[in-house]
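First up is the structure itself, then whatever we jot down about it.
Which chain is which? They are A, B and C, in the order written, and residues in each are numbered from 1.
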């Protein structure tokens, strides 16, 4: 189990988004979380990736606690530990959120360079390999505004992968794409899964779910049913 | 993030304080004798202004330097904005207002004046070939004056004549008023005699005519704080001496030769 | 006559230029970084801080710079704010810096707010840390957004430097006045007008170059 969620709950004020969510994901699995808009799928994803704090429950990644229940309060990991744990889970945004003032290579290099865990040469080589695998060769010096939607998505994927996450989350990956690029993203996701990365996809694109999901989690009224 | 912001502010404030201290250091060397400061508008010819080398010259400047010698102080000259003169005096930034400072009842409420040291009138100036010779001739004519000047005040003490003008145009400087006269757009100009004589000397006295009638006489004095009674005594004494021993006349002739 | 005028004007103008450029440069150097910090405080979730800063910006933008100069230099002994009397130079710098920081802060606030929240979230997910995110991701985008407005204020600033006359200080405009009164001539004002035009042209060119530098992407 690379990711384990136990009894997770989240509310915004009086508005209960979801409660008592439990599930787990294994290495190389492709899990789709589906449900209608507004059912809380995206909020769940944001809790997993650290953009939101959950109210109750625990999230365990690679046997490390991102958060857990202690004395009936939720307690989050702190500082360096927190940063290290959160690096294990990456996110590809629905609107990609590339840095517009940096070219493709700079977008990729930014986070690993800042976190300083490897030599610059090593980081750069990894970036080049990733770009090649994602068919972005030759685009190192291009800026996001010069890329197509599909290309931007692949840059976003590459950027997230630069931190070597164990889990990679996708928020509505097919919403902005046409048929042809959908096929391409399917292939890429399967490719990533085959390298051992656990994939969590939040989507309301049922056709895409049918095509790619190994497991399906459905969210409705703040609860989930696992297939 | 907030910590960083506060740090930035602390650095910035430190920087500002440093800049201030450096700026503040530049003026402040104490002379061995007592130093008094004379405040003036250093663009006010001929009373206190700059020559082509940037040195401070003028009738009032020379009088002040002479007085300083006699009462045994070093006189420092501080350029100020004329509209702030009483504020500067009462704030203690300057000790004398000495710059063609006309004695008026309103000003006497704010400062203490020395005995008058120069007489001035509000004269009427026209071009040499003008047909205007009396105040009555100004009826229906265009008259120029400097805005917010004692010349304008003087005109307003004679409302019948003022109403008879064709037009009364106010200019921000006397130079502009003179230009308008020379261009023929204004027929006459009302101005401090002291200023007018200086300007006419610059541009050739023979081009102008000064009417016999005028809009009133006034006197220049030196302004000091009301609390500085001892200083005022010394000042008046020094000016008296200068008038008696001919120093005053020497300086006067240098700046104001008769037309 | 013009020769005499120029002979007096040129050295005085060069001297006045020191004040004009000095006030201009020091104000910019301190105000711009300071205003970024103030803008962040203005956006702060802490209501007390945000409101205090809002008050400061309101007062500085709501009163004339001329009045602020007068108040800071002359006002101290009526309003016992501090027991310390500022020198003319100090009052000038304080007034200009406080005033322009407020204007720049509002510009930067608008610029910061217009950066997509997705940029913050992407940075967060990439573990870039708050201060690194601001300096490397957010601020460069903000600068591109606000350059035209900043440029406007910069051009206004060089003209505002002439306000130092109220504290008796001499800049290039006062040099014109001195020479004009000494020779009963109007031409010094015309020459100095040209000087302002030249300075503004140079500034506009520089600002244009900076704006272009940020136009490598859309």
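Note that a residue touches a chain if its C-beta (ideal position, glycine included) is under 8 Å from a C-beta of that chain, and two chains touch if they have at least 3 such contacts.
Given the structure is predicted, the values throughout are model-derived calculations rather than measurements.
K.L.:
Can you name the chains that touch subunit B as well as subunit C?
P.N.:
none
K.L.:
Applying the contact rule given earlier, which two chains have the most C-beta pairs between them?
P.N.:
After tallying contacts for each pair, the winner is B-C.
K.L.:
Just grab the chain with the largest centre-to-centre distance to subunit C, centres being mean Cα coordinates.
P.N.:
A
K.L.:
Averaging the CA atoms per chain, pick out the one whose centre lands closest to the mean of every protein CA shown.
P.N.:
Checking distances from each chain centre to the full centroid gives C.
K.L.:
Suppose each chain is reduced to the average of its Cα coordinates; what separation in Å results between subunit B and subunit C?
P.N.:
33
K.L.:
Please tell me the distance, in whole Å, between the geometric centres of subunit A and subunit B computed from their C-alpha atoms.
P.N.:
The mean C-alpha positions of subunit A and subunit B differ by 77 Å.
K.L.:
How many angstrom lie between the centres of subunit A and subunit C, each centre taken as the mean Cα position?
P.N.:
The mean C-alpha positions of subunit A and subunit C differ by 45 Å.
K.L.:
How about subunit B: which of its residues touch subunit C in the complex?
P.N.:
Contacts found on subunit B: 1-2, 4-5, 8-9, 12, 15-16, 19-20, 23-24, 26-28, 39, 42-45, 49-54, 78-81, 83-84, 87-88, 91, 173-176, 178-179, 198-199, 202-203.
K.L.:
Touching residues of subunit C toward subunit B in the complex: what are they?
P.N.:
The contact residues of subunit C facing subunit B are 4, 7-8, 11-12, 15, 26, 30, 33-34, 36-38, 40-41, 44, 46, 70, 74, 77, 86-90, 93-94, 97, 130-131, 134, 165-170, 174, 177-186.
K.L.:
Applying the document's contact rule, which stretches of subunit A touch subunit C when the two form their complex?
P.N.:
49-51, 83, 86-87, 90-91, 93, 95, 97-101, 110-111, 114-115, 143-145, 159-160, 163
K.L.:
State the interface residues of subunit C toward subunit A in the complex, per the touch definition above.
P.N.:
116, 118-119, 121-122, 124-129, 132, 136-137, 140-141, 144, 216-218
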